[in-house]
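Naming follows writing order (A, B, C and D), and every chain is counted from residue 1.
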Amino acid sequence: MSTAGAGHNYLEHGKGLMSWLTTLDHKRIGLMYGIFIAFFFLLGGIAALLIRLELFGVGEMFTGAEYNKLMTYHGAIMVFMVIVPGIPAILGNFFLPLHIGAKDVAFPRLNLLSWYVFMAGSIMAVCTLLLGGVDTGWTFYTPYSIGTSGGVVLMVLAVFILGMSSILTGLNFIATVHKLRAPGMTMNRIPLFVWSIYSTAILQVLATPVLGITVLLLAMEKVFGIGFFDPALGGDPILFQHFFWFYSHPAVYIMILPAMGIISELITTYSRKTIFGYTAIAYSSLAIAGVSFFVWGHHMFVSGQSAIAGILFSLITMLVGVPTAIKLFNWLFTMYKGSVQLQSPMLYAIGFMFLFTIGGVTGIMLAVIGLDVHFHDTYFVVAHFHYVMVGGTLMAIAGGMLHWWPKMFGKMFSEYWARISYLFIFIGFNVTFFPQFILGSMGMPRRYHTYLPEYESLNQISTVGSWLIGTGFLVLLGVFIHSLMYGKKASENPWHSKTLEWQTTSPPFHENFEETPVVTAGPYEYR
Amino acid sequence: MSEHHDVYHVTPFKTYMVVFLSLLVLTVLTVWVATVDFGAANAFIAFGIATVKAMLVLLYFMHLKYEVTTNRVIMASGFFFLALLFIFVLIDIVTRVPVESTL
Amino acid sequence: MSTGKIIRKDGHYAHHFESAEQEYTSSKQGVWLFLSTEILMFGGLFVAFFIYKGMYPEIFHKGAESLSWVYGAINTAVLLTSSLTMALGIHYIQKGKNSAALTQLIITVLCGAIFMGIKYIEYSHKFHLGLYPGQMFSGETGGVENLPLYFSFYYMMTGLHGIHVLLGMGLITWVAIRTARGDFGPKYYTPVEGVGLFWHVVDLIWIYLFPLLYLVE
Amino acid sequence: MIFHSLPARANTFMPPQGTEVASQFDTLYAFLLIASLISFIILIGGLFLFVMKYKRKSIDDKTAYITHNTFLEFLWSFIPFVIFMVVAVWGIVIYNNMKATSEDAVEIHVIGKKWQWDFLYKNGKTVTNTTDTSGNIVYSTMIVPEKTPIKLIMTSREQSDSVKPVIHSFFIPAFRIKQDVVPGKYSSLYFTADKKGEFQVFCTEYCGDAHSKMLAKVRVVSKEEYDQWLIKETEALMNLANLSPAELGKLVYQQNQCSGCHTINGSPLVGPSFKGLLGSDRKFADGATQKADENYIRASILNPNGQVVEGFQSGVMPVYKGVLTDEQISQVIEFIKSLN
């Protein structure tokens, strides 16, 4: 369908560094995010491996203070700089306009500004290492974060700036979905990935400002001692937790919703079958986004929050489980009577469903207030959120990157090594984090750098598992680099998928489509 | 795709002046109300008048009255989630049972 | 960068939009989204204000006594006028009378300056009495425990609002310069309207700040 | 068979059940484990089944065009909803049992401070970390009568105001209960220990460098044993009241690791001996000399590395400013005086 020569795609549209640093093309901005988010993921991953090394035995490789800095940077980098911006900034930026048949996002210059704001925030956050390093945990709970030194103010302002970038991206995506859909593409014909990015954008716009004010108040608390969250000056540290989690629970849905969007795309493509229950999945994304603002108190069952508020939050949290169950079963029934091909992206999608189910059911256990009193702040919680974050979002990022790699770079990747990376990651993940459920039920608390001898054997298994995950992600990195250098030329639609991005060349034109496509039917028309 | 009624809406000069004067009157009213002691209701009355003034600014000065519903929903959701945060934090603080030391 | 140089006055639009109208409505929606984030950010402060006012009413009564509501009332009137002149500014541009619009915009910026001037007087008066926020408080607490918490709220809320007034003044000056240069016309005035909406929200926040902080009897 | 063996096996990994609430907890946990296993088998079993059954044979396989099935979708949204609500309400019942207290509960005060737990009893007895002879820490142990409702009244407080108190969290895995200990306010925790034994206590809210060493123990003893212990402690406190300052100083000397470095028989160890210290002339490393009067000893305790006597290493003795109260320091001086 596309006739133009190869010299016209977005990679060759401009030459030299300046053409990248001043690009307004959503695809290039997506790649620029990708490079740095991958680098920060590497940084966070190294911190994770060091943490697991420390926890290999009862002995102390790092002092308490050093371990606390490691655990803080692992948390802060992974949350604020990898997994919250991750899918929306890379795959969302790249494929949202392509999926709805638009030439670019609604505000291209704002999109570039978001990237620069993201880079400023990330560099500031990493520079706090020079000021002695932050040791407050990624949650910055007061009054500990007020008393400690080591660049907390700089880190907190970095989080504010990263929040600005998140708001601007969310704002951009909402306007794009509302205003730039191709003719004929009504709201119930947009792909489910766009629905998930849209719900995520709503969360980004409505939740991040409260984090902004909270983090600003914490900075003022440390600099001028304003006393909002400092019990010595009449403040209430539990109010900080309310404000913090009012953002941070929607933030965990900012992390998982785009991943669910990718899984919908993968399962339909590799089962060659239309999605089962399009409306149910689309509206469950919105439902999760909506309910996520009512549930933050389940992080504070034992923090001094009143019993009645705790019970209320526990009941409402159960509502979030329902749309998640709908999605999982709808994906399952998408495969029914399909033609399933276990391509590596599909392996990651199946890995997602496997691990996210475990993450989901353990989430229900933690939502029950009676159980959370025991499990709170133990390794049960650590295992739960790693199952949904690494098992969920990171598996989806890996699957999504592999699925869209031929479209992004016009080059195929080695299927064999991609499957090897999957095996390492999937097995390594279970070996690392399943024992932590048991450690948690045995009562081992979080953020401990030494522990009682009875926890040693399970921790050793967990550390070995972390090496497997590390290898798996390095193999995946190798697959991508090898593909860039030696990958075979990819066709327009190697996976025979039906969504719009596969109708244009790979890599796509600078302006995405030869002429704006007219949409006459739904996104997954595998008849 | 977008409705073609008055996208580029121009509000007449007179409407602006009427709205402006009523805003000033309401400000004077707020100040006067503060001097009269209605007890606890003072705070709510002050907040009520401020909301009326805010609605005036929103509807007329910011043309929300002539806007598409999407923009109205966007603005309303800002206030809605704010109220949500306030209500749930209030539920927690009001139902806390203080514990006293008996030493 | 790429779209700057085209003269937008006669209804030309950016390449990735279908029509000037679509670009206008998209930009409007973008501004409204940003405004709701501003509401949410300031709202966080207001929620903390109401929570602590409920917990420590005596602190807020004692603290409010040190504020003169006269300054507050004048500032409210000033900001309301600036909102009017901002709206009129857009009104005139829609009618194509750029010079009238320019004067309105300049009045708006002046009102903003007056507002900041009055704030400066209030702040220096308080600093003179030692009424600093939180730990730095060195005034007399008049027997009310944790009184500095009130001033933490006062400085946080009016300070953040003041920063937004300065931001608004900067934006309006930039838009005034472009109006003077003749960039806008009845068919293209999106930046003016966007900045105007931002300014109205800044005024909106002061409308709530004034009674809550100043008029607590 | 499954329904009995699984909870039993699952419970083997759980800490011992120290209270009635703990066994209720384990029942609900076992139920949820089984429910999760079943839903996991349905979902992932179905997944493997479909993957095997509908393996792609050729690229242009004909696949069924099924868009949705309202009944099925209702099924797997309503059934999970019902299970979640049942489990939530069941959890709330257990939560209320955890919060249940009674008027005649034994009240014990718990003070969380940067990196240890102190327990204060009604009769004024304070249990805190001590160091045994070989110098490693013996964690404070809260003695508690069995089968009696206990109410812990907890706060986070630091001894000296130069250290900023932070949030800790008192967690007894064997009783399945936990409660944050917040500075500036009191929080409470209730339990009734069923069986005797010693149970581990953790701090589970991140509180700094030695967060992982902020441990304690709860020892559940029979009622009689508890009463005797309480009487013995009250008497000790009584005669402690009429102990002379020198004897009190001896107790401070033993409980704060002074004995580890300073002997009382005249022969120096890591630090100079206390015997004959008061009134002697001290020659410092930099050649200056000073008579060891009371102010010298007080200064050396508060800031030991200010002036170090010749032949001894500086930087070894910990700073006691903020650890010992002034009263304790004057008791130690009395004790040193009594050695001459």
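The rule is short, and it goes like this: contacts are C-beta pairs under 8 Å (C-beta built on N, C-alpha and C of every residue); 3 or more make two chains touch, one makes a residue touch a chain.
If you're wondering where the values come from, they're calculated on a predicted model, not measured in any experiment.
J.: Does B-D or A-C have more contacting C-beta pairs?
T.: Answer to which pair has more contacts is A-C.
J.: As a quick test, compute the distance in whole Å between the mean CA positions of chain B and chain D.
T.: Their C-alpha centroids are separated by 49 Å.
J.: Using CA atom averages as chain centres, what separation in Å is found between chain A and chain B?
T.: So the centre of chain A lies 36 Å away from the centre of chain B.
J.: Would you mind pulling out the distance in Å between where the CA atoms of chain C average out and where those of chain D do?
T.: Comparing mean C-alpha positions, chain D is 50 Å from chain C.
J.: Pull out every residue in chain D that's touching 2 or more other chains.
T.: As it turns out, chain D has residues touching two or more other chains at 185, 187.
J.: Where does chain B touch two or more other chains at once, residue-wise?
T.: Residues 1, 70, 77-78, 81, 85, 89, 93 of chain B touch two or more partner chains.
J.: Residues of chain A that contact two or more other chains, please.
T.: Correct list: 178-179, 206, 210, 238-239, 243, 304, 307.
J.: Mind giving me all the chain pairs that touch?
T.: A-B, A-C, A-D, B-C, B-D
J.: Can you tell me which positions in chain B touch chain D when the two form their complex?
T.: Going by the criterion above, the answer is residues 98-103.
J.: So in the complex, the part of chain A that touches chain D is made up of which residues?
T.: 63-65, 68, 135-137, 141, 143-144, 146-148, 231-232, 237-238, 271-274, 276-280, 302-304, 307, 310-311, 314-315, 318-319, 321-323, 325-326, 328-330, 332-333, 335-342, 350, 353-354, 357-358, 361-362, 364-365, 367-371, 373-374, 376-378, 438, 441-443, 445-452, 496, 526-527
J.: Touching chain A in the complex: which residues of chain C?
T.: Touching chain A from chain C are residues 1-2, 14-17, 22, 25-27, 29-30, 33-34, 36-38, 40-45, 48, 51-52, 55-56, 59, 132-136, 145-146, 148-149, 152, 155-156, 160.
J.: In their shared complex, at which residues does chain B touch chain A?
T.: 1, 70, 77-78, 81, 84-85, 88-89, 91-97
J.: For chain D, which residues are in contact with chain B within the complex?
T.: 107, 109, 120, 153, 155, 185-188
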